[in-house]
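Naming follows writing order (A, B, C and D), and every chain is counted from residue 1.
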Amino acid sequence: MDLKMDAAALNALMIKEFPQVAEDFIVEKVAPMQVTVRLPVADRHLRPGGTISGPTMFGLADVSIYLATMAMIGPVTLAVTTNCSIDFMRKPQSGVDLIAYARLHKLGRSLAVGDVLIHSEGLEAPVARASLTYAIPPK
Amino acid sequence: MDLKMDAAALNALMIKEFPQVAEDFIVEKVAPMQVTVRLPVADRHLRPGGTISGPTMFGLADVSIYLATMAMIGPVTLAVTTNCSIDFMRKPQSGVDLIAYARLHKLGRSLAVGDVLIHSEGLEAPVARASLTYAIPPK
Amino acid sequence: MDLKMDAAALNALMIKEFPQVAEDFIVEKVAPMQVTVRLPVADRHLRPGGTISGPTMFGLADVSIYLATMAMIGPVTLAVTTNCSIDFMRKPQSGVDLIAYARLHKLGRSLAVGDVLIHSEGLEAPVARASLTYAIPPK
Amino acid sequence: MDLKMDAAALNALMIKEFPQVAEDFIVEKVAPMQVTVRLPVADRHLRPGGTISGPTMFGLADVSIYLATMAMIGPVTLAVTTNCSIDFMRKPQSGVDLIAYARLHKLGRSLAVGDVLIHSEGLEAPVARASLTYAIPPK
């Protein structure tokens, strides 16, 4: 299982395809079936009290599985999320970036399935976990 | 099961507690264990190609169950989402608002569980469905 | 949306294809995109204390969406579950059958998505809710 | 995080509390926040064609998180599943046991959340993944 795209290629893909949100998601590491993605937390991600919004964490999980899939199959940018199940387990630490560790468990012709653990940087206990399915369009 | 908050009270709650996103979510109807919420679609919700972003639909489902819970128990604003499972089933119609129909199936002392169907306004087939659990803090 | 199979045809399908479990699932009503399925509760479904086991309720939800799909597309028996999210909300009443109300929200060429509410017969509050996705094999 | 129960104690708990199904689930390893559970596949778990039934895999995931929780907090046997999201990714290999690797991500006073990967013994690619939440009753 060779990589079709490395971290630099994935970051370039985000800037080209999703310019509105590309600065939210920095690919840090890529390995077969795995990516690590940083969300540099900014004011627009916060709710009153300083907690990070649910849609922000959902978006991080979602993009991480997308990028893990692109890393393996190349820029099939029309892949779409069909399902996400996400558990919010702890309040993220304020003033700290989020780091998502995504792993694909299945990469078929038409479906990709993977898991994501989201951590406040530097903390061992994850703040959220998610599993996602992407539908991959026929070539 | 009397309502503790009506549509006007819920809309006022959103403006007070979530000023950054209150304009995204307009409560249209409230009934026991049910709310209807409109998302007036704007450019900031879109992805290239005109489709509505996943985090936007997640956020709509999430806030709808939150508001259905507040309608029943009053402004226990520290309720937090613990789980969401969401299925994205169709591409939303472009240029049309989203309407979420949320229904609570359980409202216990510590957990609320409900379902949401999200439609492009005027279309019969839903674009997404979601189920969510909220943890309700002790009084 | 005409029905391809009615309740009698679905019950016959269960006896032919799933003889080990067919007596657990009685199709009571069929309508476009909807079925109602009864689980006649027996000792083998119970856990100590008289509660109905989780796998029994999972199985009821799973077969209900399968049958709703077969009702619409005919006996494509190789359809397989790809995802299920289930919430267990209340203890089922002892000595009472379970009734599942299943509804399809999407029936595409390759995926079917639906929701199920499971009730102890005669009680208004559901004991469980589930959403399922089936992959439908190409003809 | 010391263990309150080891593999022998967990297997004894299963025989005492769940005698009908105890032979289906053999705890093989226990570590902090983790258990490995074997399902010795038998005819009663199979569907026509030799595939393992969905409720069997659901039950394995469910009991694995239950046992991981008991390992940490002791025999709080009234813990109940509140949510499960499960993805069925591949057909299990016939004639081979299933092995579940369960890991807790959160163990709070009232909720435990964990992930399970289910493999056909000896195969690297998992056949299913699941995440579960248990509600832990107050002492």
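Assume a contact is a pair of C-beta atoms (placed from the backbone, for glycine too) under 8 Å apart; a residue touches a chain by one contact, two chains touch by 3 or more.
Predicted, not measured: the structure shown is a model, and the values here were computed from it.
Visitor: Select, from A-B and B-C, the pair of chains that is joined by more C-beta pairs in contact.
Guide: Spelling it out, more C-beta pairs touch across A-B than across the other pair.
Visitor: So the centre of each chain is just the mean of its C-alpha atoms; given that, what is the distance between chain B and chain D in Å?
Guide: Inter-chain centre distance comes to 34 Å.
Visitor: Approximately how many whole Å separate the CA-defined centres of chain A and chain B?
Guide: So the centroids are 23 Å from each other.
Visitor: Express in whole angstrom the distance between the two chain centres, defined as the mean CA positions of chain B and chain C.
Guide: That gives a centre separation of 27 Å.
Visitor: In chain C, which residues are in touch with two or more of the other chains?
Guide: 82-83, 85, 87, 89, 133
Visitor: Between the chains shown, work out who touches whom and classify the graph as line, ring, star, complete or other.
Guide: Shape of the chain contacts: complete, all pairs touching.
Visitor: For chain C, which residues count as touching chain A in their complex?
Guide: The touching residues are 82-83, 85, 110-111, 133, 135.
Visitor: If you look only at chain D, which of its residues touch chain A in the complex?
Guide: 85, 87, 89-90, 105-106, 113, 115, 117, 125-126, 129, 131, 133
Visitor: Please output the residues of chain B touching chain A within their complex, sorted ascending.
Guide: For this pair, the touching residues of chain B are 17-20, 44, 47-48, 53-56, 58-59, 62, 80-89.
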